[in-house]
Each structure stands twice: as structure tokens, then as C-alpha cells.
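Naming follows writing order (A, B, C and D), and every chain is counted from residue 1.
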Amino acid sequence: MRTGRVLLLSIISAVAGCSGNQAALDPQGAPAIHIEHLIIGITIVCTVVWLLVMIVLGWALLRKRSSDSSQPGERSLTMIVGSAVAATVIIIAGLTIASFYTTRGIGLPENAALTITVRAQQWWWQVIYADPDPVLSFQTANEIHIPVGQDVRIQLESADVVHSFWVPSLAGKQDLVPGRSNSLLLRAERPGIYRGQCAEFCGLQHTHMAMMVIADEPADYQRWIAAQRENEAIPTDQDAAAGKIVFLSKPCAACHTVRGTPATGTTGPDLTHVGSRQTIAAGLLETTRGSLAAWIADPQTLKPGNNMPMVPLNSVELRNISAYMESLK
Amino acid sequence: MTFGSINDTRWSILATCLLVVAGAAFLGWAREPRELRTDPPVVADLDRFRLMSDGISGAPPESYFAEGKPYESDAYNLSQGQRLYTWFGCQSCHGDGRGNVGPSFLDGWWLYGPETVSIVASIRDGRPHGMPAFRDQMTIEQIWQLAGYVQTIGAYSAKVAATGRRDDRYTRPAENRAPAKILFNEGPVGAHPDQGPSP
Amino acid sequence: MKHSVVLNLSKLPAHGLGTASLTWWGTLAFMVIEGTGFALSIVVYLYLMSLAPHWPLNAPPPDLLPGTALTALLIASLLPNVLIARWTRQQNLAKVRIGLVIMSLLGVAPLIVRIFEFPAMHISWDQNAYGSIVWVMLGLHTTHIITDLIDTVVLTCLMFSRHGDNPRRYGDVSDNAMYWNFVVAAWLPMYICLYWVPRL
Amino acid sequence: MTTRHEGEDLRDRGLDEMELDRRLSQTWSTPAGLWGALSTVDHKIIGRRYIVTAFVFLALGGILAMAMRLQLSQPEARFIGPDRYNQIFTMHGTNMMFLFAVPVMEAMAVYLVPLMVGTRNIAFPRLNAFSYWMYLAGGLLLWIAFAVDTGPDVGWFAYVPLAGPQYAAGKRADIWAQMITFTEVSALAVAVEIVVTVFKQRAPGMSLDRIPLFVWSMLVTSFLIIMAMPAIMIASSALILDRLVGTHFFNPAEGGDVLLWQHLFWFFGHPEVYIIFLPAVGMVSTIVATFTRRPVFGYLAMVMALIATGVLAFGLWVHHMFVAGLPRLGESFFTASSMAIAIPAGLQIFCWLATMWAGRPVFKTPFLFVIGFMVIFVIGGMTGVMVASVPFDTQVHDTYFVVAHFHYVLVGGAVFPLLGAIYYWFPKITGRMMSETLGRWAFGLIFTGFNLTFFPMHILGLQGMPRRIYTYQPEMPWSGLNMFVSLSAVILAAGFLLFFIDAIRSAVSGTAAPANPWEASTLEWATSSPPPPYNFARLPVVGSLEPLFNNPETLPVASGLSVDRRELIVSSVVEALPEARESSPGNSIWPLWSALATTVLLIWSIFTPWAVVWGSIPVSIALIGWFWPKGTPEDDA
């Protein structure tokens, strides 16, 4: 059967693990690996059951019927149906138990040593690395760095509506619910960049609400933390220095923070190290001077409905400000 | 045997056709597309409203009428205004609309008149006795959105498009669709010395 | 298809009474629907209570007097209501008429008490979730009193009209009496929930 | 109109067939013309309207689906912007669930149940007319709102706070919530009618163990509606109150709770799936029995499975909330219960297989759709078992895997049997046969198109594609499959188009149908095609589960009913012993006025709470007009 073949193909592709970097079947962290085993196991069992049902269906419909003789006994049919139901019960019970064991295997986020707070907003991710010492605390956006091989607890909060935090290669998803606090265990076995995306419909730009989880070797991770704790990089080239002036004089500073400058707005993402991030606008574009300029020039065309207004800038101002943004490594 | 089903069919077809025609006419009349991106020339025009010399009342740009007064009648813009009200810290002076250091909106007593342009001018350029200018912190479109929202807080007639309560702490009765009218019906209130000096 | 008559139903009554009446079953079905609605409103109340740090939220427990008076009134109304059901079975027009007038009055009385019940909650619907759910529960039940009152008044008019003396009308009156029992019965758990749960 | 002989009404006993038909027609028929059309209470006319309206909504919803597939066929496509797309997918879901799936199943029941239990009209026929008008008004409200760009854009389950007062600007979410009220009122009304019809209007002798399986399934469905729909009424009312008068049910800052909405919604929303699926089960049983030429194997087991499914349906709602952060212990319970519902479903599948094996299959179009159902629905059931597992669900929840899953369940599990049922009962409803050739083509296209469209979505989901996104970026590995899915959707649409063409063509000029073209066993085939307004000249008396299998030539009937007034038999619940000759209300325009008054109230109350006060006055007047006796023979006992 054709559907069967497609199903088989999907299993093969699953086993081969060639599904890109935002895929449940390309797991790179312990929770996701546990779940992948479960997915494959259940899928195989279910495929076999489905095939059996289809074989019986085909046989029941197409079997040769000897004329008038040997009407099958209701008794034996009852026996067969009864044992099929019994088999269903056993299979269902088995799958339920497998599911329980997988849940137990994933473990609880409460035991993790490192906690990162993710606060979802329409339509970006605020990431807070809190430290008892406020000077050492910092914020970033749409990019989470975690050390490889370590359990990380992601504390999930929402500033507005329900969102869902989902980095399929590392773990299953968990909702961010206003008025409630959830948490999720994240763990990466290998260094790499793992893409995630909001999975609960959250309004106009639910589509463009991605984030990157970057797993670093512990030393790299420490270096990154240290760099993030720094204030802004003072612009050195002329364009960027001019851009800083534009940034501070225009509405930009009312919503964005660049630590070390008078810009302390809190409603938009913290831009202190925006140039060091992989992407801008919640995974919409790769961070380059050009994409920054495009985004600042017309955010409502690239991401219609998002909360970044179109600030009227002339071409020189635009060039300067994107140079400044890019320089904020 | 049809038992009137033919007639029934004919009538329902006729009724359906009538409904479709009436529906189409209604749709053409009532369509209200939601604009997420305003064209830059239209936005630039928003800055070009004219204000009376005393700073009270004035006329919006022509294009504003051509667009159908979107910042006063469009629910999406009003809700954006509601969001900006918090984002730009309006409540630090005006509270939940009942005023604090700054004047109240809720009583419908407008120091510079109830027109949207006056409110836009107040936000953009600031006013004496403490109202700061927001022209460097907000874009002109945001100012219009905010002004439209502020106007509904103290409206005399309820707007269908008015915003609902926020998901936040309760501070004042939720029936905020035309509170000023209720207060107005309570009789003349005279000057408001409690709300700071008049201009 | 040929017909062969195997059953003669000529002697059957021309209208079913009690459980042989379709409206009786229809009334029952609507009672199940509305009963589910009442039950769910109580579940919502208890759910919100389970989340709250203290209950009632930012309000003293409601005053007992109006609610208790209303409960007493409703329970008292059951007596004429049961009598009216009995009289409809006897198809006693004069008594049913009197009963319906009494029941109309006993439908108005709780509404008057209900007016005092809302302020006795000491909270408004828009202050917090506790206020919202108590107002909705009271409102939901008030709607049912009003509905049944209108029904009773219309039936009263009907019984005084030329259509009155008819088994079908007696059936309607008795279904209406059954519905009033339901309105009273639905109130009792709500009363406990609204007035006594906050005092636990 | 009627002839009375000194207080004695005219009975059917002495009349010959011709005279009986003439007099019954006079009593029961719907007058011609617009007024007659608006005031009819004939369950067949209303059922037909219901079915046609529901299929119109199906077609409209299908157009929306095609629009979405166009937008998703390429990455970062710009055919449809986010605002319109959000409206479209919300409309698609809302329309298909509330305006197509539930109403069409009830519509089939409105038409068929009275015929199958051997009575002359549904219980509370005026309520039935009212329910149709309410349904139509709700559908028009939603679609007109969509056409003027105020269609709901918050998803078919309208999660708060996105649908709440702060984040859903304008009246869009209110229109969604109020449309729910319209369809709930109509669904609840029909549920009550069906319960009472099945309980009290069964033909003499149709004891509980002789009720056809389709009627059983509609009975269980009606109970599900009665128990589940109040939850969504409470939820949508609370949402409107939050939005309009500032209550705080869903505002966490003032003691409300966001998850309260999800609990209430899914306490309704999960049974909703079975409200759609169980009638389809009944259709499958009926079609299987007819086309294998034997009764369905395990009647008692089938009935028990229906009831068990109905009960379990209320214990699964939390599996829609596995990623909302509920306690793990609770989630485990709901995993077990969600898995357990596979057992009654499996039992039914096995019984059908046993029936097919033991019977002699005749491969007509209705039966082909049932075979398609078996193939597709079992896949849907398997993926249902998958998403019942909490860890599995955390990876596929809100992805295209789930989109694939529920289309396999709802299209495979309900629409396929429904299309089979249309082919099956079309001759009864219209008096004309549908084309067997076109039917086979339609089946082939729909079956192929469906699988090619929805199967790849499983893979897309596992590749990380979330639901409800209006586009995706070119660097994601989804574009190839999405293009494939969009192209396959064209095949699916072509299949449906062919089905619609066949239905319209056959209704106009199909070959005339005999009374029982399929040699089926249930009572609706014992009367002419289409049935006369009074359904049966004399009401049948039932002696077995398959009355027409046992004696296809003569129908045992009861006599002694009046022909002067609309009269039918009320029988006891268990044994179906005749208890009374009961009148059935005649045509009335008041249900229409009541529906109009209610419509005004409900739409007005989107704008101001005072509408509930002022709007209830015309509603009361209309209802009093409805119930006030008019002195007709039906009004008196």
C-alpha cells in the first residue's frame, strides 16, 4: 500500500536522522534522545498493527467464498474478536508503560545546577541570565547559550499571551503561560546551534518567533558569559560613532537598552551585544549590516504587525545606525 | 411525489439569491481591513496637522480623513494605543486615566479640548506645567495611536472599537466605554484645581 | 410494500401524561443541560478558590441574611408547587388556577430578595475573579427564576383562558412545576457554595 | 380543513390506501410558497436544509483550506498576509467543527432517526425548525464577519489571553464566542429532540435491543452534546464577559486563570471529537450491514463500545494540555485514559472486520467509502495512541503531525463515512440514485488526494514545522514537502468537486430510486423514496433488529391513529410498548420569529450588555407566541 510505503520512508529518514536542525528526529540532547527512542518504538508497533489490520481487511473482503456452505460460526468469530481486543489491551498497556518510563528517564528540571529565565513576548524571546550579584546579571534576546553536557533548567515565563518553548533537537516543548511559571530541562550532548520556534499560536507574528540555542564547550561558554557581562563596545569607526548618536536621539532608545549608554528602554530586546548574535528579529534574518539596515528601515514589511515601529531615517542615518548595531559585538 | 419540495427549493433558491445580494452590498459597505503597515508618506503627513495659535484644537491633515480617521475608529490602532500607554509610562502621571500628578482623562475635562489633534500636539510637543514632549521617543504614528486611545478614556460617547480592560490589577470600574458621559450627567463640575493648574 | 395490520391502537389515550408525555422528557433533558451548566459554574468557583491564596479574594464573606432568606423562600415555595402538581393530576381547574397565582407571586418574591443579594456579596463583578464568579452564579440562577416566572405567568393566563381546561395544559402546568423544583434544587448547592464555602 | 363527526375524530382503520394517503397528506404536508417554506416543521425538509447548508459550509471551508495551501506552497510566500492568514485558519477550524461537522451529523439524524425508529416526525418539530434558523444565523454571522475583515483571528480554540480583552482588538473574538452560542443552542436543541425521539417515539416493538446501530450512535452522541456543550457555553460566556464588562475569569493578576479556559474548552473540545465520530460509526455499521448482506457482528458489543467511548470521552481532555505545565501525576492518568479509548475503538473495528469476513461484500460506492474509512481511520487511531503519550506529545504537539493526526481522524473517521452515507441515503432523501461511475471516481480522487495531502504532514511535524504559521523561511527543510502537499490538495479538491457535481446532477436528473434500492434492513427503506410528509401511512410494528431482512414483502403495522390531526405513537422507553396516541405540532412561523429575536439579542450583546435586558423582551414575546395554543386539533388532547 502506498501509505504504508510513505510511512516506512518516514521511519527510514528518522533512523537516518537527516531532518535538519529543528527536528524531533535529529536529537542532540538527552531528553530529546529518550523521546526519539519512544517515537520510533511506538511508530514501529503501530505500523505493524496497522499492517495486520489491513491484511485482515483485504482478506475479509477478497477471500474466496465457497457457495452456500460453511457459514462461519458466531462462536469462533467471537473468540477471534475477543482475542483481538485482548491483544489491543496488552499493546495499549505496553505503550502506556513505555511512555511512563520515558517520562521518568527525562528527569526533572529542578535538579539542574544552571537556571536561565526565558520570558516570551509578542514576538521575541527575552533571555535573562540572573545572578545574585546584579552587576553580573545580563539579558539577551532570541539566543540562549548553554554549556555542553550539562543539565540546564529553563525557567519559562510569559509577558503577554501563551507561547511555547520548543527546541526539538534538545527537548520536547513546554508552554509559557501568563501568571504561571513552568520549567524545562535542556541538555545538549554536542556543541552546535539548535533552532527552536514558538509552538503555541501567539498572534500576528507567531510565525517569526524563533530562537537559537547555542551549546558551547564549557570554556567557550565562560568566555561568552564574560563578554555578555561587558557594557557596549565603544564604537571605533566613524559610521558607528555617528550611528550611536542617531540611536540615542531617535525613538530607538525609548524601547531598547544598550548598557553603558543612556539608552535604557525595556520594552524591546536588549541590544548591548546585538552584533554578536546569530540572528535579528527573532530568527528572521542573519545578523549582517545589510539585514540590520533592512530591518530598521522597514520592520513592518519584513514582519508585519510586530511592535517595532518604522522610524523615519534618511539613508545616512540608516547606514550609520546599522553600522553601530553591527559593532555591538 | 414531491410534496411541495419543488416549491420549497425554488423559494429557498430565491431567498438565498436575495441574501447573497444583500450580503454583498453589506460587505462592500462595511469592509474594514486592518492595516499593519502604514505607507511612509501617509505617516509623514500625520505630522502636518494644523493647530490653532492658542494650542487648543485644530485640523488633522487631509489624508487622515481620506484614510477614515483610523486612529479614532479602528480597534487595532486603539489597542496599540492602549499598549503604548503602559510602554511609555503614561500612568506614572495620569494613573489609570483618573490622573495623579497629571490631569485626569476619565472625567472628560480636556484642558486643551477633546479633539485628537490637541491630544496629539500635547503628546508630541509637550505642554506647560510638566507634560513632556515625546517627539524623540515615539514615532508620529505611535503618538496618534496613543492619542486615539487617550481620547476614548474620557469619551462622551462610547466607541464600538474601544478597548477592553487590561490583564492587570484592577484599579477602576471596567465599564470604560463612556465614563465621561456618566460624570457629565452628574452635573457641572467646574474647574479642576485638584488636577493641576490650567494653562 | 404491503401493510398487514397487527396492532389496533384505537383505545390509546389521545395525549400522554407524566412519563408518557414528550414534553416531560424534553423538560427533563433541558434540566440536565442546565444542571450541567450549574455544576460547571460550581466547579469553576472551586477551581478559582483552589488557586487563590485566600478566599474570598479581597472581600469579606457574603452577608448571610438575603441569601438565607431567599433559600427559605424557595424551599417554602416547594409546598404549593407540590400541591399544584397534585391538582394537575386531578385536573382540578379551580385549584390549579389558585395554585398558579400563588406560584407567580412566589416567583416574584425571590427576585425581590435577589436584588439585595448582589450587594451582600460585598464585591463587584469587575474587581476580581471571585467577584466575577459569584455574580455569574447569581446571574445564572436569577435567569432561571425569571424564565420560570414568565412561564408560570403565561400558564396562569392560559389557565384563565378558554384553552385552559385541557389535559395538555395540565401536563404543561405539571412540567412547569417540575422545572420549578429543579430551580430550587439547583440553588441549594449554589447557596452552600456561595455562602458557606467562604466561611470554611 | 378537518372534518369532525360529533367530537369523534376520523381514524385510519376504515380507510382504503388511496383515501388514507390523501387525508394524511392533507394533514401533514407543508403548504407551497415562501410562507410554507419558512413555517414548515417537517423533519425531512428541515433535515434536508440542514444537510445542504452544512455541505455549503464544507465547500467554503475547503476553499479556505486551498487558500492556506496556496500560501504555504512556497517559503516566505506573500499571497496572504499574517492578519488574513490568522483569520483564515481560525475560520477554517471554526467553520469545519461548528458549522460543518457537528451540524451535518445532527442533520443526518434529524432526517433519518424518525424514519429509522418508525415515527412521523421528530419530537419537538418546532424546536427543530428553530434550531435550523439559529444554526443558519450563526453561520451567516461568522461568514459575514469574515467577509468584512472582522473574522475571528484567535484560533478555533481561542486561547486566552490572546482572545481576551487586551490582546484581541475589536469584535473579532466576540463574534467567534457568540457564533459558538448560536451553534450550541442549535446543537443542544437537536440533541434533546433526538433523545426524546429515540426514547419515546420508537415504533411499537422496537425494544432497546432492536434499535438500529445508527440510532444508538446518535443517542449516545446526543448525550455527549448535552453533557459537553454547557462547558463551552460557560467558557464562551465568560470570555465575552471578560471582554465586555471586565470580569476577571482569565486574568491572572486578579485571581483568574489562563488554564481555566483551556480546561473548560477541552472539557467540551474532546467530547466534540466523539460527537463528530460516533455518528460516523453508526453510518459505518449501517453501510457495512447492508453491503455485506448480514447484520453487524456483535450488536451488543458495538452498543457497549459506543457507550464506553461516550463515557471515556469525558476523561481525556487534559491530553490537549500536556505541555501546559500540569502536574506529572495527572498527566500520567490522562495518558492511560487516552490510550484506553483505543480499546472500544478497536473493538468496533474488529466487529466490522468480522462482519465483512462473514458476509458477502458488494462493492458499491457507499461501501468503498467505508473501506477508505477503515484504511485511514486506523492510521488516525494509531497516531492518536502516539499523541496520548506525554513525552511523544511534547515533540509533536502543535506541529503538523497533529494537523495530520486530526485530519486522519476527522476526515478519515467522519467525512469518509459521511460521504458514504450521502451516497447510501441519497436515493431515500431525493428519490434519485447518485451515479455509481462518478461515485467511484470521486472516491478514488478523494482517497488518493487525502493521503497524499495529509500523510506528508506527519513528516513535516517531525521535521519541526509548527502549526498556524503563515509562512516559513527558505532555510527550513520544509519547502519540498509543502509544495507536494499543496499539489496533492488539488487532487483532493477535485474529488470533492466531483462529489458535489454528482450530487447536484443526480438531484436534478438522476435515475429514479425504488423504495429500497440497496435491499437494506432498516425501517427508512420501508416507505417510498422520498418518503411522504407523514413518513408511514401506518406506523410499523417491529419484531426484530432487521425488520426488512426478515420479511421484505409485507410490513406489520399498527392502526387506529387519527388522520384529522398530526398524530404519532408514544411508546415506553425500554420495551417500546405503545402508551399514547400523541399529537405532533403543526407548521408554525413562530420558531422563525423566535430565532430572529434571539439572533438580534445575541449579536446586539456583542456590543452592549444591556442587549440582554432589552433583547429578551422580543424573545419572550416570540416564545409566548410559539407556545400559545392556536385551537388547532394538535393543541388539544
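In the analysis below, contacts are C-beta pairs under 8 Å (C-beta built on N, C-alpha and C of every residue); 3 or more make two chains touch, one makes a residue touch a chain.
Quick caveat: nothing in here was measured; it's all calculated off a predicted structure.
The interface with the greater number of C-beta contacts, when B-D is set against A-D, is A-D. Compared with chain A, the chain whose C-alpha mean position is the greatest distance off is C. At the centre of the protein atoms shown, by the Cα-centroid criterion, sits D. Measuring from the averaged C-alpha position of chain B to that of chain D gives a distance of 42 Å.
Chain centres here are Cα averages; for chain A and chain D they lie 37 Å apart. Taking the mean of the C-alpha atoms as each chain's centre, chain C and chain D sit 30 Å apart.
Per-chain Cα centroids separate chain A from chain C by 52 Å.
In chain D, the residues touching two or more other chains are 81-83, 161, 166-167, 242, 245-248, 251-254, 257. In chain A, the positions touching at least two other chains are 178, 204, 304-305.
The set of chain B residues touching two or more other chains comprises 36, 165, 167, 170, 173-175.
Contact between chains, as defined at the top, is found for A-B, A-D, B-C, B-D, C-D. By the touch criterion given at the top, residues 1-16, 19-22, 25-26, 29-30, 32-34, 36-37, 40-41, 44, 47-48, 51-52, 57, 125-133, 135-136, 150, 154, 158, 163, 166-169 of chain C touch chain D in their complex. Residues 1-3, 6-7, 10, 13-14, 19-20, 22-25, 32, 34-35, 38-39, 42-43, 46-47, 49-50, 53-54, 56-57, 59-61, 63, 65, 71-72, 74, 77-78, 80-81, 84-85, 88-89, 92, 95-96, 98-100, 102-103, 106, 122, 156, 160-162, 164, 166, 168, 171-175, 177-180, 182, 195, 197-207, 283-284, 304-305 of chain A are the ones touching chain D in the complex. Of all residues in chain D, those touching chain A in their complex are 81-83, 86, 154-155, 159, 161-162, 166-167, 252-253, 257-259, 297-298, 301, 323-325, 328, 332, 335-336, 339-340, 342-343, 346-347, 349-351, 353-354, 356-358, 360-361, 371, 374-375, 378-379, 382-383, 385-386, 388-399, 451, 455-456, 458-459, 462-464, 466-473, 476-477.
Against chain B, the residues of chain A that register as touching in their complex are 178, 204, 249-251, 253-255, 267, 298, 300-301, 304-305, 307, 309-312.
Interface residues of chain B facing chain A in the complex, by the touch rule stated above, are 36-38, 40, 43-44, 83, 87-88, 136-139, 141-142, 167.
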